[in-house]
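For reference, the structures are reproduced in the following blocks.
Paired with chain B in one complex and with chain C in the other, chain A is shared by the two complexes that follow.
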Partner chain A sequence: MTRLVCPFCGPRHLREFEFHKTVAAADAGAFARVYERVASTELSVEHWQHVGGCRGWLEVRRNPSTGDVLEIHLVGGGGEA
Partner chain B sequence: MSGPEPRYSAWSLLRARLAGDGYWRPLWTGRKLRDAYDVVVVGAGGHGLATAFHLARDHGIKRVAVLEKRLVGYGNVGRNTTIVRSNYLLPENHYFYEDSLRRWETLSRDLNYNVMYSPRGVVDLALSDDDMSGAARRGNAMRLAGIDAELLDLAALERFCPELEPRRERRFPIVGALLQRRGGTVRHDAVAWGYARAASALGVDIIEDCEVTGVRTAAGTASGVETNRGYVRADRILFATAGHTGMIGTMLGVPLPIETHLLQAMVSEPIKPLLHTVLVYVFPGHGETYITQSDRGGLVMGGHLDGFPSYTREGRWDRLEEVVEGAVELLPQIGAVKILRQWAGTNDMTMDGSPIVDRLRYDNVFVNAGWCYGGFKTIPASGAACASLVATGTTPDLIRGFRLSRFATGHLLDERGGGPFPVRL
Partner chain C sequence: MSAIVIRRGTRLREQPVRFTFDGREYLGQVGDSAASALLAAGVRAIGRSIKYRRLRGVVTAGAEEPNALFTVGTAPAVIPNVVASQLAIADGLVLRSQNRWPSLKYDAASVLQAGSGFFGAGFYYKTFIWPSWRTYEKLIRSLAGLGEAPGSCALGPVAVEHLSCDVLIAGAGAAGLAAARAAARAGARVVLCEREPVCGGELEFEAGTIDGRPAADWVTATVAQLPTLGVRLLPGTTLVGGSGGEMIAHTEPGGLPGTNAIFKIRTRAFVIAMGAVERPIAFIDNDRPGVMLLGAAERYLARYGVRVGAELVLFANHDRAYATAGRLAAGGMRISAIVDTRTAAEVGAEPLRAQLGRAGTECLLGHAVLAAEGGATVHGARIASLAAPDRARLIRCDAILVSGGWSPAVHAGLQEGGARRFVAELGGFIAAGQPDWRTSAGAANGRLELGAALADGHAAGVRAASHAGAAGSVGAAPLASGDAVPRLVPFWRSPASLAGEKRQFIDLQNDVTVADVRQSLAEGFVDIEHLKRYTALGFGSDQGRLGGLIGAAVLAEFRGEPLADVGTSRLRPPFHPVTMRSLAGLRVGAALRPARRTPLHDWHAAHGAVLEPMGLWLRPRYYRANGADSFTAGIAEAKRVRTTGGVADGSTLGKIEVAGPDAAAFLDAMYLTKASTIRVGRSKYMVNLREDGMVLDDGIVLRLAAERFIATTGSGHGLHMLSHFEHYRDTQWSGSAVTITDVTEAWAAIVAAGPKSRETLRAVLGADWHDALGRLTHMEFATGRYAGSELTVLRASFSGELAFELHCRPASAVTLWEALVAAGLEPYGLEALDILRVEKGYLVGSEINGQTTPEDLGMDALVRLGNLCVGRELLDRPAFHEASRPRLVGLRAVDGRGRFLAGAQLTIPAAPNRPVGYATSTVYSPTLGEWIGLALVAREHSADGTVLTARDPLRDGDSVVRVVPTVHFDPASERMKS
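Showing the complex of A and B:
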């Protein structure tokens, strides 16, 4: 995994992006949202920010055992490149 | 050859020489998995093996098994950069790490196995007045706890580490350092082998290629573990599965405050003795390099985490570049040295950077986890304290701060002061 495809900016080097955290379940409470993480070896759903580019917030679906990126879209949708 | 495990000594070396081939036996023997145990330890890494050793030696627990999915020492105990130190700021941390460092000092004798503890010093370099204030604060906190720490100005640093040439012109000039002389390195594989050998000699069953796939419960307590070799009954279960503890939480239905990140290390081709200590260099804005020279001559280096959850055990390339850039800036004379190998370990990062040693969901299920990037250096203390918790059911004072409930009650051990994220560069 050396680059991510930003929906606005296209393929960019991984160092432009900053991982934030795994996405909490919709019904998660405040404590879970701050401190707990969703662990999976197969599918990790994460928030990232394109800090070195458009600064957009991205929802990234990855397989953390292989490094394959399955899907990236803007949080809240819209703005497809 | 049968008979008792030979105790290593100058005399046993001589006898082995005279006896010729066949004198030495495997360090731990292939045991059969039994149906039931007093304690099942999951994970034959440093923490699991050390805990099993202390359960058998200090608490007289007879039936202990260590179940390992792959091989003894396959995980982080064989993937770290071998550094040991106790230069922490917070009391809960520095007393614990100091207990560990004291145990490192005598571990070779305790295990009758040479783990090659080398107190070559750990030097945290300061690049600004702010860094020096931080180093002084941390050093003072350590000294108040009776731990050795020395604040070095440039002249003192030059005397201690002339190969660094601290006064050389650099992009980020060095202004001083915090030195812990008793810190240093330990031969990491020998730690796994030494604990495995000592535990095995005390009757602990070490079972490799045995993956735990589930926990069977009855009436609110755990009754045993499901494995790829069948069901094993257990009175108590300890998970010491660094790098996969988040998945243990998922398996037990307990989300944990843990993210699993990769931490890379790399080693250069062997060169003649150049660096006699451990240098830690956090350079402003773009990374970190720590570097030491192994006894074989390779320069062993590491840096920051990769920065996102991963189980690939392949590090990201730009991080490797950063670490090497830092090393070359620190020691320009190594600029032409080639990197020989690079690898990565999976680190269970907690939300405050401190470990979790506690019960997990059931009264008889324990977890020893979240060592972040400090797992190797804590093995001896963790083994002793965790064995005490598992054997007696009471949390020893030394690890009282490492309870899982601290995240909910707000008693975080946030050594870095970085908030509920394991990584912020």
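Showing the complex of A and C:
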């Protein structure tokens, strides 16, 4: 995983992106969002920003065991790549 | 120095080269490695071992060499731990042996022999415990470490090349060449790296035929053909690591760091054809100079015409030993005996054995070498039948050549994790469960026989090309015949008594013996990863390629479990040592990171400012005209601001413009207090919280228009706050009408502070601004023009004085600044700024440190306003209201004179060793004439007047301080509002 495919900019080197956090379930309360994020070996849902490009915020779904990126789209929907 | 005897080998030219080793001059030939030239000169002992200081010789002909590591060069370009077998000699090259003091021959520490018990397994863990550490520190420091780190190192520049290809192949032996040819024919763009300076791998010496012609001819023809197929060939280049399809390869011409290049290779598919590493067998004193790998002897003969001994004993567990023996004999070496651990039923190689027997070689089946006899070099091999190991006899020889089989080079495939599979007929592991873009081929995949390796390489090339979308016609795989299948029967160590196990070496570089494995297990370190940490097995430049598997096998033996279940320790990059200088590549010195400079940077530099980095920014710390050091200059500058006034460059403050119909509502959610209540033309001091309730940043928010704001941030925080705002705008506030723009560099900021700031500004800005400057109340701003350019004047203060922030366009910043200086406002730097703000109890990153809530910082009133912002909900956590939470307080010395410094730990008399807080910021206040500070102290001990001890054992010692209000000076802020 040294590339991410930005929905706007296309495949770009990982160094253009900044990892922000793993994302909790949408219905999680404030405490759970911060303190009860569960690390899964199969699926990690993460927020990344394309700081070296369009500055878009991306939701990246990936498998931390294999490093495979399963899906990338803009947070808040749209622009699926 | 004796007259040179010209040797002939595949890599040699008949041209002499002079170099020195430990001060003595030697002659070699162009093409020689340092190891081959020294072996040819009859040098056996080339260094001492790291722990026991035993004399060691060359063991391998490859990068996995554990012993022959030299310090190369003369000061200042000295490089330790250069692998002699990979280092090409050159005229004037200066080599020194390592791990010996004062000389190789007489080493003061060689009394620490194996078996003496001084340096047992886990030695460091047992000895590095206070107070015994003090006893041993000096001795250990003089001995520890592989080689010696150079104090400074003037290595030359490193070229960095980025390559992109469809198929990257590591290794240009039989399998790698077949893979490259197939992939290129299929239409793929191929890059082929080879660690050695020449291609061919084993085919450099292995007799065989490929497609009906001698194997060596096939190699020559294929290497010539590859460039015509568009293959980029990188000889002398080692793949050292990588991940996810971006691999890093490193080339050192002649194996010498300092004149090298780094390749960053992006590839769609990756074929690992890095061959297999021959492994030794452990027996007593198997580390003596003269004990060498069988394949190494064959390589030294073929490549460099070096005979590693005159009378040899071979010790092996496979058929290939007999083919090699035939080639060594043909090269003029006498083979006294071949000691084979296998039984008659397990052995093949019938005609070869008979032929060797006729030539006078004893072929002993079911036997083992129990010990190497000799001193500084081998004199004989003590051998015995495995059925009767106590009835040993001595065979005289001057070299013992060992081969315990081959371990596939799986490193490159497993550095990112991934599985491996035990293969019984190899007695070793191959990579398994690889992602579809990565594949092993040839010996690296366990295919040791030439025909199988070529077929495997060809198939891997086709598969890799097709993964990259190239599926052209490739033709048939090469057909070949070479050395027979090895018919290997795993054998790891010869029989030995418990005492003998202390001299059965399994990891030569780290001096790990069979006895260490036994001890590790006895002390509860049962897992292979435990064993590695406890004994250092598998650390070092060879990363366990030579001894790692033997260690695992011995552990398996002691645990009574199959090797397949014990496994080997996790593999990590780099595959081969790389200097930090190479990895840094072009990113050194000024190119390390970008620099951000304010529009006034050149003025500061020209006027004696001492600049200090802050994030990517450089900011004036003080001006030399005001004092010789930051302490005196800072005091002078701060004093002047309080008496008359001064100007400071505030351009590094982050400025983010937030605009749109939803801007006010959005900012309400971003800050602890509401932005929507700010009137146009006014501003407010506001703080941001993180999601977990901690204070993230603070700054002033200006409302330029109903739907337009500028939020200022801390100097190092601009980019982070921009991302923070954008994140919430795009997640929770997605769909809202807000634009967020970084305008940090669109506005320069000049702070004019002090009692005379208003009248000076009136003089400089002219009549247009006269009334506005009088009218502006605290936190109010006005916009207008100065010298034809836009100007915003905000009345705000970070010093406690009457002060104005002037936001102007960068192009007019110098003009405005120079006018202010000419009108009498002298510049002041960060040091003075710090004094002024601590006197007033204002906060910086020392207090807003990511671990403090608004209540910790005394902002209870702001929290009580009840604005529902990001992070607000979690402020109600009970843990944030416990008596042990910190509280921001002021500090002063009880005697009014003592000095105490930021970082000092604060204790109460009842618990002198358990701090209840620490000083976050301290300054000497010229206004108050004493040291003052801010501190975070547990709430239960934060009451005004509480006496604490500021403990600072490494600097000032202890001083007695008392808790005071955070605002040390002008608590009613009368000066600021004047």
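In this text, the second predicted complex is superposed on the first by the 78 of 81 C-alpha atoms of A that agree within 3 Å, B and C clash if a C-alpha of one lies under 4 Å from a C-alpha of the other, contacts with A are read in each partner's own complex, and residues count from 1 in each chain.
FYI, a contact is a pair of C-beta atoms (placed from the backbone, for glycine too) under 8 Å apart; a residue touches a chain by one contact, two chains touch by 3 or more.
All values derive from a computational prediction rather than experimental measurement.
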Item to complete: Considering only touches as defined above, state whether A:47 meets chain B (first), chain C (second), both or neither.
Response: second
Worksheet item: After superposition on the shared chain, which partner residues are touched by A:37: those of chain B (first), chain C (second), both, or neither?
Response: first
Practice prompt. Would you check which partner chain A:75 touches, where first means chain B only, second means chain C only, and both and neither mean what they say?
Written response: second
Worksheet item: Touching A:55, do we find chain B (first), chain C (second), both, or neither?
Response: second
Worksheet, complete the sentence: Residues on chain A touched by both chain B and chain C 1-2, 18, 31, 34-35, 65-67
Worksheet item: Which of the residues in chain A come into contact with chain C in the complex?
Response: 1-3, 18, 20, 30-31, 33-35, 47, 49, 51, 55-57, 65-68, 74-77
Response to the item:
Given the complex, residues on chain B that touch chain A span 244, 246-247, 249-250, 255-260, 307-312, 314, 316-318, 351, 407-408, 420-421, 423
Response to the item:
Contacts from chain A onto chain B in the complex sit at residues 1-2, 13-15, 18-19, 21-22, 31-32, 34-41, 44, 46, 48, 64-67
Worksheet item: In their complex, what parts of chain C are in touch with chain A?
Response: 243-246, 266, 416-417, 435, 691-692, 719, 723, 726-727, 730-731, 734-735, 873-874, 877
